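In the two complexes that follow, chain A is the common piece, with chain B as its partner first and chain C second.
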Partner chain A sequence: MIVYLVRRFGQSLLAIAAMAVLVFVGVYAIGNPVDILINPEANQAEIEATVARLGLDKPLWEQFLLFVWNALHGDLGDSFVYGRPAVEIILERLPATMELAFVALILSVGIGVPLGVLAGLKPDSIAGRSIMAGSILGFSLPNFWQGMLLILVFAVLLGWLPAGGRGETVDVLGMQLSFLTLDGLRHLILPAVNLALFKMSLIIRLTRANTREANLQDYVKFARAKGLSSRRVVLVHILKNIMIPVVTIIGLELGSMVAFAIVTETVFAWPGMGKLLIDSINLLDRPLIVAYLMLTVFIIVTINLVVDVLYSVLDPRVRLSEVKG
Partner chain B sequence: MTLLDVRDLKTHFFTRDGVAKAVDGVTFSLERGEILGIVGESGSGKSVTGFSILGLVDPPGKVVSGQIIFDGTDLVAAGEKTIKGLRGKRIAMIFQDPMMTLNPVLRIDTQMVETVLAHEKVSRAEALARARETLTMVGISAPDERLRSYPHQFSGGMRQRVAIAIALLHKPDLIIADEPTTALDVTIQAQILAEVQRLCAQSNTALIWITHDLAVVSGLADRLAVMYAGRIVEEGRTADIIGQPLHPYTRGLIGSVPQGKPHGAMLTQINGMAPSLLNLPEGCRFRPRCPRADEACLVDPPLSEPIRGRGVRCVHPHLETRDEVLAS
Partner chain C sequence: MRRTYATLMAGLIAGTALTAPAMAEELTIGLKSEATSMDPQFHNLATNTQVLSNIFEGLTEQDPVQKVEPSLATEWTAVDDTTWRFTLREGVKFHNGSDFTARDVIYTYCRVPLVENSPSSYTIFTGTMADVTAEDDYTVIIKTEGPNPLLPTEISNLPIVSADAGGAEETITFGTDGCEGMGTVPQAGDFNSPDVAVGTGPYKLQEFTRGNQLVLSRFEDYWGEKPDWETVMMRPISSNGPRVAALLAGDVMMIESPPIQDIPRIEQGGYKIIDALSNRIIYLHMRQDTADAPSISGTDGKNPLQDVNVRKAISLAINREAIKERIMGGFAVPAGELLPPPMFGTSGREADPYDPEQAKALLADAGYPDGFEITLGTPNDRYINDEQVAQAIAQMLTRIGIKTNVDASTASQFFSRRNALDFPIYMAGWGASSGEMSSPLKSLVTTFDKEAGRGVTNAGRYSNAEMDAVLEEAMTTIDDAKRDALLQKAETMVLDDYGIIPIHYEQTVWALDPSLDYEPRVDQYTIAFQVKKAAD
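Up next is the complex of A and B:
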């Protein structure tokens, strides 16, 4: 197990290194930030001074090495726009996005898995067909449009929930969290539902397909022949088997939810990381973009690592092959 | 005393292409402690007969008519609740592929304890003790260690032993074994056969052994029922059927078994293929493949009893003496 973890950890580091090169070179290629940042009336000497101050006069490889060196010391550079460390700015926004993503994740798993199992057990029933039809809407309608529709119905027509922004927050261990207050929760519901809908549809379809498959397996029939209640057959025998692919998808999707909640955050004016990224791209704030992408990579790689460890908890066959490996 | 009495059982599958009559009027009975072999080729309805008794026919299949009287109760009329109480408790089942019957992600102890607890209100420790005892009974050494293992850590034969142990947990009156040795190699097959025979004799458990392998079942069963296209075409005591098969199909089956033939002798084969259950031939279902068929076979033959204790569904049964059969 330890050998496996060490090897898996090495792979993660490699992925992060490869991503660092791609991100840095990619961002370098998208234009000169000085043109945007500097006062249009500045003279040549001032421009050159700024370029030198930002380190943009050095060749690409030198800039990259400097970036890596600083990154290893936990410094991903200062934002051109805010003049403060980029990581600091992102981390300020991180709790808002994390909170949104986790609530969305809980919603999509908590609703998606039961609905998927139901649709898988009774694929031809009215309920099963409705769930499938609903899930098609869930992942084929554009996310931003769903968000706007949610605002239209629940905020404008019904007036039940606020249309955007983040509610009252509470300080928990230095993080500003809003789901602990009623006002915060009211603000959180719509964006979380919006972010959850797509993932929920995905989970429903995945769970349904796996449930249908598992339901035909001999071990399920054998479990019934043993006289077990259908409840136990479904909740223990089927569910534990289908959780393996579902956990994979949840892991992948949690990463992408944290990283790319951009659309939802924009529609609902949610002050998270996604909105920060959009603003930074508009201003060509290179260190911030790079820091954001690096942090995203880090989060996704970490989640994948956790998922791999979770596998071995869920599937005893994986544990055995690890021992051999 | 009759334990199980199946009368005119019909289980049909309502598919898009039509109604498949997988089991179409099967009648047989079973005494306590008796071993009945149901023999037939794939698609003859033998497995579906087994699943019908347990009420485990998957949709689109359905028991459409008939009676399954188990110890005085008609399971077809009684409904799901009654059958659920019997499943695993008084009627147990062993499946064909031991690689597939145990849940791969649950430990053996979980799978055994849940079976005990499904029918009896005992403590976990008691259930575990029972599981340990039963594993020892089916010849698994170091049961404590085995209980904490997962199915993938077992060989096929061991898994089938575990499945048998699970079937035996409640000392059932009847075990339905659906080709349980087909997926095992020959030596293990022989071991399992002997084991099952011994355990059933010990506890006076009746056994229905479903198989396509006449050689396996002939050494095991007290009586045989030969199925063809959803019906029993012949039944009787094992020795009688093997010695003097009355139905041309049974005769064909016995002729195609290599056992007991001189080395190098040609095996006989049954011409043609089993009919589609969606489109059965008129009259006797074996007619298109039967060497003895004539116009009389266009009328569906009833189950007759040309010899005492022998049932056969044929217009022209082989009533020649045993010597003639062997000579021909």
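Up next is the complex of A and C:
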């Protein structure tokens, strides 16, 4: 187990290092931030002063080494646009994104798993077929368009919910959370649904396929033959066994929801990290882009690590084979 | 995508009942982009200026047509060529209750170079100041290094911050190498707090949540006319579709720059559209300094753009009316100058006519009867419908024999490549922040001189020594009438030479609830305190 953990941890560090190089060089190639940031009326001397102030006059390798050195000391640089530490600005936005991602996750798991099991147990029933048809919609609608449609129907046409933005927040342990207020919830519903629909479809399909497979397994047949209630068969024997792939997917998808809720955040003007990334790319705010990507790499790598560890807890075979290997 | 959305809009709007704004005393505005800081001296950027001008005021201000008007100074005179005397308004209070005096003015101008990490510094406005002194509490003398007729215009961009809120000492002495008595200067981040962001403006900062909203509340001791709204809420909604949706859903009462395609639908929804000519000119610039320009072929290695006949042919080949009608939806005005008349320094010159026959003849005269091939650079997300305009121009040029390929890229890419002289011909825009002709002339067509800081945006490298001399004279002439004449002369020289080709002036559009009124501004700013309740 420990050998496994150490090896997995080493791989994670390697992934982070590789990404650091890629991200830094990639962002460097986009263009010169000063061309965008500075007032067009500025003269050459001011442009050069700004270039020097932002440290852009140094060669790429020197900038990179400086970045790595500072990063190792926990400093990912100051944002060009805001003049404050990039990490601080991103973390300011983190609660909004996390809140959105978690609500979306709860929606997609809470609705997706039961519907998937239902569709898996009765694949030929009307309910089963409708669920599958619905999930195709969830898959294939482009996120942007789907978001606009939600806004048009629920905000413009019906006027039930606000068209965008984040509602009133309350301070919980230093974090600004909005799902605890009524106004906040009203603002949260549409973006969360928009973000959840795709994941929900994914979970429905995955759960259904696994349920159908498990349903035919000997241990399920045996459980039924033993005379267990069908409730117990489904909840204990089937559900427990199909959870491994579902947990994997949920882990991966949570990471991607936190890191790349960009489209949803843009459509709903949700003040999260994704919107910050888009704004930063448009302004070529290099330190912020780099810090953001490094942070998301870190989050995704960490989630994967946790998922792998969870695996070995859920499935003894993983544990045993790794020990042998 | 946009089309789908627009069609859908049309269907849905028809069934939408018009909803009145919920709270009459609160104004909500959907902005295209967000201020990067609450520090009025941190980032010299239109987005910041338009928001912060609610909280801070300069000694002078620019009215909706960019005429310089008194603000915190009641009058000013040029004592001699390099000395200005400003008389300050008495009885003005800062948001924290302290009195506005000459000390605050000196503090403000002293603080500009002390702002750390500024991505675009305000030193471009203080650079010419040699000394700032207080004759008494309400008289400020500003000395400049050379004659600077634009000083009153430039200081409209320098909003006064409170010396007391910044923690300055009793006496502040101006010095070009650093001032004395400044105390510890608060930095940009500190300005998120209403205790530091203290100005004299009609609104006080109440709350700034980055990415979500900026809330202002009315300053009841304001010296001037009080604004109509108790509170103002500004929300950044950068995508066009969602911004329009927020207006239609009643989330906000006013939005800036609605996409031109959606305007008919917004009007159908019962909202008001207002628009005005802006100070932004869209122009074509051509590489003229070298025979060796990139991306030109079919000319035996010559650079045809060095020939004035070719440049004139390009201008005559462009059907500006068609661009205005078909691509800009009528929200543009064909341009014959670098700034729309009757702004300062314009001559009233007409836009070039559309005359493809003469254009072809000129090309033949220049020795290119069969034309040549060229690449036109353009940004695709910076100006209104920029890429479509460039595509149309390319087709028009191709029609007279200049086979034109469009190379469109996102603004951050485009400006870097343009400044690296990547394009033989490119389309871009220029907004004159000072509202007078010297601004486009100085930046776009003066001979490029790195050391002297001239012609910074002259990526066509046009050069005309005679014009440079006339402009130089204009820039040091304090007398307005004389300067006007000189600027007109300089501009005419460039345009007669086809050194740069104006296409059109953009029109700025706002969509707002019918219960509101807004006097549109040429500088494209959306200034909350100038939004009024409509007279019934």
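Here, the second predicted complex is superposed on the first by the 322 of 325 C-alpha atoms of A that agree within 3 Å, B and C clash if a C-alpha of one lies under 4 Å from a C-alpha of the other, contacts with A are read in each partner's own complex, and residues count from 1 in each chain.
The criterion applied here is as follows: a residue touches a chain if its C-beta (ideal position, glycine included) is under 8 Å from a C-beta of that chain, and two chains touch if they have at least 3 such contacts.
Note that the coordinates shown come from a computational prediction; the quantities given were computed from them, not determined experimentally.
**Q** If you stack the two complexes on chain A, which partner ends up touching A:Pro114: first (chain B), second (chain C), both, or neither?
**A** In the superposition, A:Pro114 contacts neither chain B nor chain C.
**Q** Looking at the overlay, what does A:Ala223 touch: chain B (first), chain C (second), both, or neither?
**A** A:Ala223: touches chain B, not chain C.
**Q** Go through the superposed model and pick first if A:Asp315 touches only chain B, second if only chain C, both, or neither.
**A** In the superposition, A:Asp315 contacts chain B only.
**Q** Between chain B and chain C, whom does A:Gly134 touch in the aligned arrangement: first, second, both, or neither?
**A** neither
**Q** Go through the superposed model and pick first if A:Pro123 touches only chain B, second if only chain C, both, or neither.
**A** neither
**Q** Give one of first, second, both or neither to describe whether A:Tyr82 is in contact with chain B, with chain C, with both, or with none.
**A** Second partner only, chain C.
**Q** Starting from the residues of chain A touching chain B, keep only those that also touch chain C in the other complex, and list them.
**A** No residue sits in both footprints.
**Q** For the complex, which residues does chain A have touching chain B?
**A** For chain A paired with chain B, touching residues are 216-219, 221-229, 232, 236-237, 240-241, 244, 314-317, 320.
**Q** In the complex formed with chain C, which residues of chain A make contact?
**A** My answer: residues 30-33, 35-47, 49-50, 53-54, 78, 80-84, 89, 92-93, 96, 144-145, 148-149, 151-152, 155-157, 159, 162-166, 176, 266-269, 271-272, 275-276, 278-279, 281-284.
**Q** Flag every residue of chain B that touches chain A in the complex, lowest number first.
**A** Interface residues on chain B, with respect to chain A: 54, 56, 58, 84-89, 92-93, 95-97, 100-107, 114-115, 118-119, 150, 152-153, 163, 166.
**Q** If we count contacts the way the header does, which residues on chain C are in touch with chain A in the complex?
**A** Per the stated touch rule, the residues are 1, 4-5, 8-9, 12-13, 15-16, 19, 33-34, 36-37, 42-45, 116-121, 123-124, 187-189, 209-213, 235-239, 241-242, 245-246, 248-251, 381, 410-413, 415-417, 419, 430-431, 433-434, 439, 443, 450-451, 453-454, 456-457.
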